[in-house]
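Next, two complexes with subunit A in common: one pairs it with subunit B, the other with subunit C.
Let's look at the complex of A and B:
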């Protein structure tokens, strides 16, 4: 009897250690590349060309890699500012536009409402990569080529199908009685939307904002095509220019620093707002 | 007429209908304006451009279907299509081969499972460009990490350059993409696994089905819809691949790693054959719309049968 319980306990222990062993191995595989890159970026300038063995700084912590990254383009601050302006601008504008549209689609009736809604969602079927060539010409005609504002407007449009869908669902979930009560209290239109309804759909807004921020912060191809002026480059374009090398030599220290500057904000936003991110993922994927 | 139909219009009867109509349109106007200017218009414009010889500077001239004729005899376009298909098949298999076991691994609520899920998911939130830059450094022969690691394990010669040959460069890129994307596919598959009622598995177990049989006869059939969805997401994403090949190999040894999007990019923005680029974009668009329709059909088929 006791032998049997012991055997079962031993098997449970084995299974648990196997489980956690596998889990730790997996966590290392998926996290180690970040850890190695971030640690390596703080190595001394003389170590930048050497393999990261060991990955941590052995010669004292140094910001050499960041200093040499700063010598590319218009300086790393300018390019971080470009990226941040585009990403935050995209997030704010996407929230504003999809908040209004979500409210309109959820609460009003008008001609062709369903057709227009389907039209917005259907743009998901068309990859933006296939309309980049005409987009380039149209932006030039509007005087928005090589401009961060033009890029932001394109990013907002790309975010709209997901965001409008998300916000319409958020408004659909708000009981009509709340609105009726607020109307009786004299709240109207935008005032009603902002003061009464906005707090109720805040989780949806956070989700929309996170996706808009991350997608525009990370986007590569449209930024590569639409920005031609060196000083306007966003971070991914700058760092890929660093990777392409100068005078035939590649400054890997600057690449490590660049990858760190690009990834850390994403990881941070995700870890901080994971709940909202996952909800957006479910809505977007399962629909 | 259902109950909901007969009930819903009555409170609206009191409101002035015309004004409310006009207001609704006003609310959606900014979204519609953006979608029309930056999406619908470009799509229509692609048709127009594809019928022209359209240089970057100077006047465009109407040439009818000649861009399309050119495409049919363009061997580089065919090889781009071929490489894109090859990459899509390999990477989709690789992602699923890892993501399915991962989803099963993180399915049950156990201690630390949340930490493992988050760790596996982390690469998904950084950009593909960041991931490509990270791994191109990792794979570098002089300054990277893969060489010392694999040499220490005795798998490769310490001075082997992964990016010098097609096969090894392709393997490094696939490892990078799997590392970056597996967590996403895992979460999608996980939602499918969790939607399966536990009673079904229990019943099968009581009937004497072992773990493997339960997986084949209970889990997999019920996962069809989820698998179709994640399959389509993976396939459409891979067909549009660009960043990793541009950043990591710049088209690869002997230009063997040019995908369709990469070739369109080169024709449009390097050689400035914008009309030809538009024509190829339309073909790419047609391929993807066909896949989307196939997806809808596949999902509906999944709905009919339990």
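Let's look at the complex of A and C:
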């Protein structure tokens, strides 16, 4: 009897250590690049040119890499602000528009509703690189080329099909009776949307906001094409300039510092909102 | 009109080209408890939702307390509704759920607090006030949903199958609770259900609907004892009434399963030789008569207090008998059935009751 119990305990220990071991290994794989980048961004300027092993500062911590990064373009603060403005603006505008559109598509009956919806989704199939030139021309005609507002509008446009789809699903998952109860209670239109439905589709909103923020924060090609003024460049363009180096010499420390500056806000946004985000994907999946 | 709680006049409803409510006329007295029953798809919920204002009225008029509300916003009709799925606001506490309607009407804060407290006391949900719907059991949620209706102090309460999501035991206690509520508040209540027991026990007036038409409206006793047609006779009562093919012989006689039975009616509009439906309720059939309908017992269901005998007549028609006590009956036995004369119903070929 005891032999059996021991065998079972051994097996349980074995499978538990296998489970956690695999988990730890995978976590190390995913976290190592972040750790290496962040650690090596604090190496001394002289160390930056050395082979990257070991990746951590051996000669004391220094902010040389960040100083060097700041010497590119219009200064790292300016570019971070540009990126933040575009990303936050995109997230807010995308949420506002897709919230209303998703509500409309989910709850109102109108002609060609499904055709319109399919049309919106269908635009996902067009690679945006292929419409970059027309976009550039349209923005120029509107006097919005080389402006962060123009870039934000382009990002919102690219972000909307997925977001409208997401918000429609979120609204579809809200039982109709709740809305009807609210109508009987006297809530109507915008009041109904904000006071009753908004909290119920919050996971969807967060998902849309995270996607909009991350995609516009990281976007490179449209920013490169549509912006021409040095002081208006977003972070990805700065990083590419740093990566290209000066006179053939690449400052690897500055590159690591740039990557750190770019990835830390994304991590924060995601970690802060991830529990809503997971629920958001769920409401979309299971009606 | 002024003593009428709710008045429906020639009310019609179409979805696209399909008409689902075909001109319903109904006058509900003030303070009455009215139950809409009928098979699924008969339009009972649609009719209720039209009274609530959640469905547009295609044609006709709805008046509440003498005021035409056909095109009035749901919140301005003086109604409150309790949904089958409770439809509580999941992100609000019980207190906020109750107060929401009053807040939307910009009611004074002190008045809101008073009314919410009063409703909570009536439903005994005071300890739950700071919880959210997700933390409540089904019965508690339904109490909150009813509380939300009470707080609005409506002229008319509308219930859309409110007990269907509850388990059997809770359903019985909530049913009693709703009856108590009606007695205490005295408001007009309209209640949709497919559960006969709820209909029979709660209603002052039962409205039996089929395919968007009222088949009969009357007290539970009337629809059970004096049904207007074969549909109502079959729908009300459990197990359902035995509806047997028979032939009218005239002079209060029908031919049923190679025998002649008496049917104590004048038989207006019937000619000898007409096919009729002979209706006998399982609970009115008496086993052990010396003279009577002959039937062979196929299957016997034992339910403790009572037994259901599934029988066949000599011509093969099925018949259910409710058997309470008496000598043991086994499947395969042949029994003779009697029935009091005033419990025999005759319907003509189109299903109308012949008296």
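Just a few scattered comments:
Rule of thumb we're sticking to: the second predicted complex is superposed on the first by the 234 of 287 C-alpha atoms of A that agree within 3 Å, B and C clash if a C-alpha of one lies under 4 Å from a C-alpha of the other, contacts with A are read in each partner's own complex, and residues count from 1 in each chain.
We take it that contacts are C-beta pairs under 8 Å (C-beta built on N, C-alpha and C of every residue); 3 or more make two chains touch, one makes a residue touch a chain.
All values derive from a computational prediction rather than experimental measurement.
In the overlay built on the shared chain, the residue A:257 is in contact with neither subunit B nor subunit C. Looking at the superposed arrangement, the partner reaching more residues of subunit A, out of subunit B and subunit C, is B.
By the touch criterion defined above, A:87 lies against neither subunit B nor subunit C after alignment on the C-alpha atoms of chain A.
Contacts of A:125 after superposition on the shared chain: subunit B is touched, whereas subunit C is not. Look at A:222: by the touch rule set out above, it reaches neither subunit B nor subunit C. By the touch criterion defined above, A:212 reaches neither subunit B nor subunit C. Once the two complexes are overlaid on the shared chain, A:201 sits clear of subunit B and of subunit C alike. When the shared chain is aligned, subunit B comes close enough to touch A:111, but subunit C does not.
For subunit A in complex with subunit B, the residues that touch the partner chain are 19-20, 22-23, 26-27, 29-31, 33-34, 36-37, 48-53, 55, 96-98, 100-101, 103-105, 107-111, 113, 116, 119-120, 123, 125-127, 129-138, 153-154, 156-157, 160, 164, 189, 214, 217-221, 224-225, 236, 239-240, 243-244, 250, 252, 255-256, 258-259, 262-263, 266-267, 269-271, 274, 277-278, 281-282, 285-286. Subunit A makes touch with subunit C in their complex at residues 175, 177-178, 180-188, 191, 196, 199-200.
Here subunit C touches subunit A in the complex through residues 52-54, 73-75, 79-81, 83-91, 100-101, 104-105, 148, 152, going by the rule given at the top. Chain contact summary for the complex, subunit B toward subunit A: residues 12, 20-28, 30-32, 34-35, 37-43, 45-46, 49, 102, 105, 110, 112-113, 115-116, 118-120, 122-123, 125-130, 133-138, 140, 142-145, 147-148, 179, 183-184, 187-188, 191, 229-230, 233, 236, 240, 242-243, 246-247, 250, 261, 264-265, 268-269, 274, 277-278, 281-282, 284-285, 288-289, 292.
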